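Heads up, there are several structures right after this.
Common to both upcoming complexes is chain A, partnered first by chain B, then by chain C.
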Partner chain A sequence: MILLRLISWPYVRKHLLRSILTTAGIALGVALLVGMRTANDSVLRSFNDTVDRIAGKAQLQVSAGDAGVAEDVLERVQAAPEVSAAAPVIETSVETGLAGQGKMLVLAVDMTGDRSLRNYDFDGGDEDVIDDPLVFLAQPDSLIITREFADRNGLRTGSKVSFETMEGARQFTVRGILKAGGMAAAFGGNLGIMDIYAAQQVFGRGRRFDRIDIGLAEGVSIEAGTAALQRALGGGYEIEPPSGRGKQFESLLRIYNTAVSISSLFSLFIGMFIIYNSFAIAVTQRRAEIGILRALGATRGQIRALFLGESAVAGLIGSTAGLGAGLAFARSLTGVTGRLMENIFGVPQNAQEVSLDPRFLVGALALGVVVSMIAAYIPARSAARVEPVQALQKGRYQVLGAGENRARRWAAAACVALGLACLWAGAYRPLAFAGYSLTVAAMLLLAPFLSLELARALRGPLRRFKPIEGSLAVDSLIQAPRRTSATVAALMLSLALVIGQGGVARASYESIRGWVDTTLNPDLFITATENIASRGFRFPASMIPEVTKLPAIEETQPVRTARVQFRGKPVMLVAIDMESLGRRVRRIVVAGNIEEMNRRSAAGQAVILAENLANLEHLGLGDMVEIPTPRGGLRLPVAGVIRDYSNQLGSIFLDRKVYIREFQDDTVDLFRVYLRPGVAPEEGRRQIIEGLGSRRRMFVLLNRDVRDYVLGLTNQWLGMTRIQVIVAVLVAVLGIVNTLTVSISDRRRELGVLRAVGGLRAQIRGAVWLEAAAIGAIGLVLGLSAGAVVLYYELQVIQRDVGGMPLAYIYPLGVAATLIPIILGAALAAAIVPAEAAVRSSLVEALEYE
Partner chain B sequence: MSERCIRRFGGALLLPLLIAPVLAQDARQIVEESQRRGRANSQRYEGSLEVTGANGKVSRKSWNYVRTGSYGNSKAIIRFTSPAEVKGVALLIVNHPDRASDQWMWTPAIGRDRRIALQDRSTRFFGTDFSFEDLEERDVDQYDYSMQGEEAVDGAPCWKIESRPRKGKTSQYTRSVVWIRKDNYVAARYENYIKDALARRLRQSRIENIQGIWTPRLLEMTDLRRNSRTALSFEKLEYNVPMNDNDFTVQALRREQ
Partner chain C sequence: MIRLNGVSKQFDGKRKVVALDSVDLDVARGELVSIVGPSGSGKSTLLNLIGGLDRPSSGKIEIDGRDVASLSDDDLTRLRRDKIGFIFQFFNLLPSLTCVENVALPLHLKGLPRKEIESRARDLLELVQLGTRMDHLPDELSGGERQRVAIARALAFNPPILLADEPTGNLDTHTGAEILRLIHDLHDRLGATVLIVTHDSGVAQSCPRTVTLRDARIAGDARR
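After this line comes the complex of A and B, so read on.
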């Protein structure tokens, strides 16, 4: 502590800017990690909070994925002696149409039996607010809202609230107001309660419920209750505690979370290089100081501890700042992430508040400190090895010994060889990740050597461009490879990340666009919700002939998409007329014969799998697929595998007849509409809206609308990861500023001599700028090259472990071309302050330096 | 409205107790005799309900009631006639001697019937001061009775009898006290206690002899915790009217709007 105060603090004060920049590297990494993760956690917690609050005393829930459960299942559940209360539920979200209020989560229940499970704490006693419970049940427009929602919108009992239903916009009458807190706090207070049988009608559920909430009889355990219900209902239902819904949502978020975590950690990794760079330089600058300390009796351990202590303090300050920035970042990101998740997965979200996980925050703080100390370990060790005599010599420390370089190259070669071996045996997930890590390690090991070589290669062009300034700049880089290489490595890694992300974005976009072009070929789409992914509203089967008989329409394909549990994961079941689909859509076949798969699936004898599901679950032609259904389970072979990007966790294509038979659900989420030849899409849309639009809620989308929606969503998804790319570039720029600041500081005497012998300020300034540009150029060459490798691995990870989606390897040339001016510009901008410091410093002081 | 309601409205509370010579009887025998005298094969009436909340707000409803079948094995339909918001709402209750009744509700505005699952008997019956349990017919075998003495209600001498649920019988009430008139065996008053606190008081009045059955035509339930009151009155009451079993089905519930 005394050494920190007496030795370290004066140094920090003297190099305040660099110290700030150093800690900023860690701060940015931690901020990104905390911000993204907290935003994701907030969305998940908000969802879980809503689930918990509306679950009430329910211990179990019975559902059949998105297909819902038929009414008769309720009686079977209620008949089980292990069940004390069973209450059906429909849950959906609606647009309130009230300014600034967004969506309302509508919980539809049967009030005659639901109070056994949920506490409806009404304002002033239910008698005062629900004027008449019988009227509430008798009138389908009855709605209970929360006190919070009522106050926000100036509503009271008897007020009207309007929202869209399957029968068009309808007014609902407020017949009850829930007290604040408890259940009323679910979905941020935007909760509405209505009668379940009215909800069946207005949300197009037919005679089905979304799920049944269950309270168990006294003394019956969750396990015993689950087993009893499984016996009573058969195997086709999901029976799990309410928390299971949170887990399902979590598994939907898994892909996004993985992408966010990898990129965040990558950023922190880059921050580590900034720390390394700073400390490596600090050690060299303070050699004399270290030598004196050693001569005065300081042990190697004390010197090492001094630098590690400095790095711990820097890490702590950076992490603390990062925590604050991250939480501020999370505050603005939470709502955006929630909306994105809702658009992609169709799960209603109303995440407004940032929820903090103290354990994670402490962990992030500790991670920042540990990363900082790890980064400083090598410089600290070097400092500890300094001999007092050697400390008086200048220049030696910057030169990389031939032996050291050779050792690095051998180590890099070994890493590459091992990485390739891992890649070859990459079917085993840890090996694949080991291969990725080894390749990154090889890049890092080679970075100093390649930096040096590239600097030497730049000598000629720069000398031709500016003989004096170019020579000075390049010589500075060559003479101080340690100073340069860490910055170059950080820049290389960040650019590799940008290229990797950009490549994934490009590949995703191109792949999805290709799929959209081939698969989404109907002229029109009729949906019940503005969000295609949402299944909150459904059309009745009776609408099919109404659509088909319109003169403009040649053919329609009613589609029902229901999320079901398949091997413990919520995959999408796509029920459609497979004969019509096979005839109309030219699908990209991955495995199987197209005619054979169309014939067998249309006959209800087989299913077709999306490629990502087949990859993730290792399923192939002929393998049996078991889908849980209310009839006990459906077992069909795989007749084909096709490329499909409609769902991140994979889709199973099943003939609609089989779906209706197995799930007793004939509702429709979406109509794919093919118009007669010569009919303009706008005309077809007009006919549908005029023919059917007045009777029910619907959205008629042109093909280009859906294409734009899907591709827009893809862009939105990828846009979230681009935030990390921006931060990665920022971290790298910090590194350049840091390096140049140190470079100027190191060369004060040299620059002072130059100015003393007649060197012009413009020449000094030019040399610094060229040095910065050279660092940027070297980083660009290495980063853009490393990016090619990183992209390959990222695509492998996406295909094998995360999404199962094979994406074409397309090097993002556009991104690379954009990066060149950005990085060179950033490098030059980063050089302004150090360059001005170099030319404006006192000549006398500079000559006295060291 | 539930089976328990109908049992109560159409059974124990509505069926008058015949006057009979009573010799030295114990508490249980008096309660049994009270129930026996009120039985009829069928029943029909027009009921009206007035709920006065703690804040003085009054809501009214009226309905037609029909019941067929023997005590404990009956079917009943309640069809609301006013106010307009609940007009046409109907309840079918099918009682079983060996298990809980089945109940369906028809809501014409939605155009469908629903099965009612009553899982918490202590909850209030559609906003009235009666709980679903209050409307159940009491099985005398599930309670222990003790004579608490004699006391006059509205000037009529009564036996004052305390009942406590036996072990195995679940009830929201710790104990109940009933005043049974000596002259006609009609219960004139009930007081229901939760722990030691009086929770609800039921007063039965306007007792008339209808077709040989002494029947209270006004029931007033007071919820002392909520400070609210529900008055229930019966008009055009008839017993042993010819009924068709087919009129007591879910189909009939939908048909007869």
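After this line comes the complex of A and C, so read on.
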């Protein structure tokens, strides 16, 4: 398109800084989207990749959530004619203790049968070759590692590797090394293979396996195999292809993903405003040029195409830059996200490689271009409408027509009315979202009008403060609402977002702290892993009396937390002595009678649900809950709903006796320990460590440590969503710089006159700075008020769809108070370059008539 | 009052343009000088240099005995504010300010007391016979009236030097003549040194001294 090169390119070159800033808005939005999504995808991919490689030829896997399967299940599975091979597996992750190596994924198998499902491709290397290392695996201290891991750590056959087990640190002997590739590439190469019966002992699995991997007989389909196994085992088991584990992990990640996607889209939306702003300005500035083109015979379509073409190019450049930045960002974010997921969900992660999804990347690129073109559509249309004769005359085009203003206000009023109607209609989810969108639309429609009114209101005080600079600054805003309104709107939106996020963060933190205060009241916690969420190690039931008999201890509550499939989602089953819990913890009741729910659940006749699960699954008092168990499924009524934040997808509380009976699993993840009155927590800890510690792996945590850990994790989680806040502020600053740059080039002549008749540099600078400060102040007033509304809707959305957790509405005054200096400071910083340009430009040129 | 010594001005754009080529000029206090010459001969450049809007490439400019080259940017601005009044072809009024406010602009910039500014601005508008248009915006005035506001603004500090670059160039003949009469009148009453750049030979003839520029040099300097 010749017009683009002839007409647009010189304009872009002349306004290079502004053009860069314009595309930067899109670039940031795309970068955030690509960065966060790619990091999440990489974590998920790496998880799936590991699952895939470890699954070998297994077509189905039999498991029962975290509870594991008993040994006799293996025989029943093997007996099915549809099954050609069945191999039990225990899988867990351990700290290697080797510098820079992090975790190792340990896969424990039964060497006699496992070869039928997995390929063990051994690497002879230079050492004494062992004929069949699998044979040596029968020795309980044998470990097979990968070539990659061996090379990285200088290990060879016969080397010793030690890691923590339930029996304290244990030494293992490397008895074989897997060739690189295939299974050996799982978990980034940090894979160790050991004997399953040894693993039962060292990882506290009792006489249970984590799952059974299955190969089907010739000609048996996955569906037929699943049906046959269901018949053979009865209900209560999950029978799924290996990919099902990926799906489960994905549903854990979903909450996080939703939060991330919403905020990336929000910043893209703000970027859209910047594009709109720039193009609206460009059209007014290039009016004469458009007029000449039209006079020379350009059609309206050509003019529109010219501007849309420009926006497409801007979008493409912006998204390409955003893509690059996003991928760089993803690189540093992948590890962080992986660790966060591991800490929160207890699923071991070793995501290092960034995996690229070409389709998503192309989509993001296209999204950037489309968003840019949508943003430029209205300016392009108004450019096409320029009448050549008018355009060649001098005049003011920056003023919004009175009619336009009225139409906007009507539209805004309609949006508000519809939004309120949606709110009133309430419960239905799409309506709530529609209400949110309508309210945002109303705010955007009203922004120009309100910013004009605010500018008028500012005129008096500013003129009193600095007569000349003040009125110059404010008049510039009043006279050119088009120039400022989009920036103010973008600023308003991003500040509203920050307030919304801040309010949500604050409310989440407050409610979690309230819950921590009431629920996490034991003096000590004993866990098998440093990370409370991880269930890789477990204590045997035999440890319970050993703990209870210690003199410092008044009471202890063994807890088993197991993730089970409930209505297709991995929810947490919390098995605990309900009688003791009812006595010790005053829980926050959402529905039901506290005495009754304690009594019935302690008697094993009912379960108690966490509020979020009840909300998400629409369960209430008296509803039946069906939990798959190896004994064929458990059906119990809901006796109560309590506030609980221990799991994002929700928890079901159940008496320990019932759990042991149904799952045949008496292991313990965590002891909640109450000390006798007068015993210092440190003293209690000393007794426990001395009484039991030397023999087993164990962490005794003080109440304070656990609280700090939980609240720290909460902060970390909220911190991830805080990234977009930074981006929002950055985008807003871009908008201000953009507007000021334009404002100054628009008013070159005016500022020139001012200097010609005696305006000192400081005075000119003052005028530009005041203008920036005024934009910032107007944006702040609008944004902080709009934030109050956005916060309300965000809390609604979170309650309904994401967490199921009602959060208190508290306006984050602290956040608002910090934003004021940040935004005003950013506005002034944004004014530095434009102000210097205004002061240093040639006076003669400024005064020249174009 | 104004002394130029071998002043040259060169614009280094894509092509080098010599807008003034070693010009010598002396203007005494209270003189009324017209500057004529074909378009592009350097008239505006000369006036801008004298007014301190721009600095020469070489040569020396003295205003009221001070060497302009030795002044800092802000000092130059102060000199401009206190000693020089400008009248432009395109008025260069600020559209958002009323007539009084436009006239008061330089007074505000100097930071005079508010009361004094107000009365001085009104006096100045009376002086240019715009007493009835005080609170109008520039858009509401005719070209001649706007130019008068600009003149009133130029007179804010009673400057000893008044520079006018084609002050009638954007006005019809009749209004142009009026403005010119006003300038003459002010020259007589205030005793300022006045330089008028013009195309109009009639305007030139009405001035006691006429400097002619051609191809960036002074081609004639006639007194009558």
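Basically, the second predicted complex is superposed on the first by the 830 of 850 C-alpha atoms of A that agree within 3 Å, B and C clash if a C-alpha of one lies under 4 Å from a C-alpha of the other, contacts with A are read in each partner's own complex, and residues count from 1 in each chain.
In this text, a contact is a pair of C-beta atoms (placed from the backbone, for glycine too) under 8 Å apart; a residue touches a chain by one contact, two chains touch by 3 or more.
Here the structure is a predicted model, which is why all the values come from computation and not from measurement.
Look at A:328: by the touch rule set out above, it reaches neither chain B nor chain C. In the superposition on chain A, A:374 contacts neither chain B nor chain C.
With both structures placed on the common chain, the touch criterion links A:110 to chain B but leaves chain C unconnected. Look at A:20: by the touch rule set out above, it reaches neither chain B nor chain C. Shared-chain residue A:468: touches chain C; no touch with chain B. By the touch criterion stated above, A:753 is placed in contact with chain C alone, chain B being left untouched. According to the touch criterion, chain A has no shared surface contacted by chain B in one complex and chain C in the other. Of all residues in chain B, those touching chain A in their complex are 51, 53-55, 57, 59, 61, 80, 83, 85-86, 89, 105, 107-110, 112, 114-120, 123-124, 126-127, 226, 228.
Listing the residues of chain A that touch chain B in their complex gives 74-75, 78, 84-87, 110, 112-113, 115-116, 125-128, 130-135, 137-140, 195, 197-198, 201, 215.
Within the complex formed with chain C, the residues of chain A that make contact are 396, 467-468, 471-472, 475-476, 478-479, 749-750, 752-761, 763, 842-844, 847, 849. Only residues 48, 51, 53-54, 73-74, 77-78, 80-82, 86, 88-90, 92-97, 101, 105-106, 108-110, 114, 153-154, 156 of chain C touch chain A when the two sit together in their complex.
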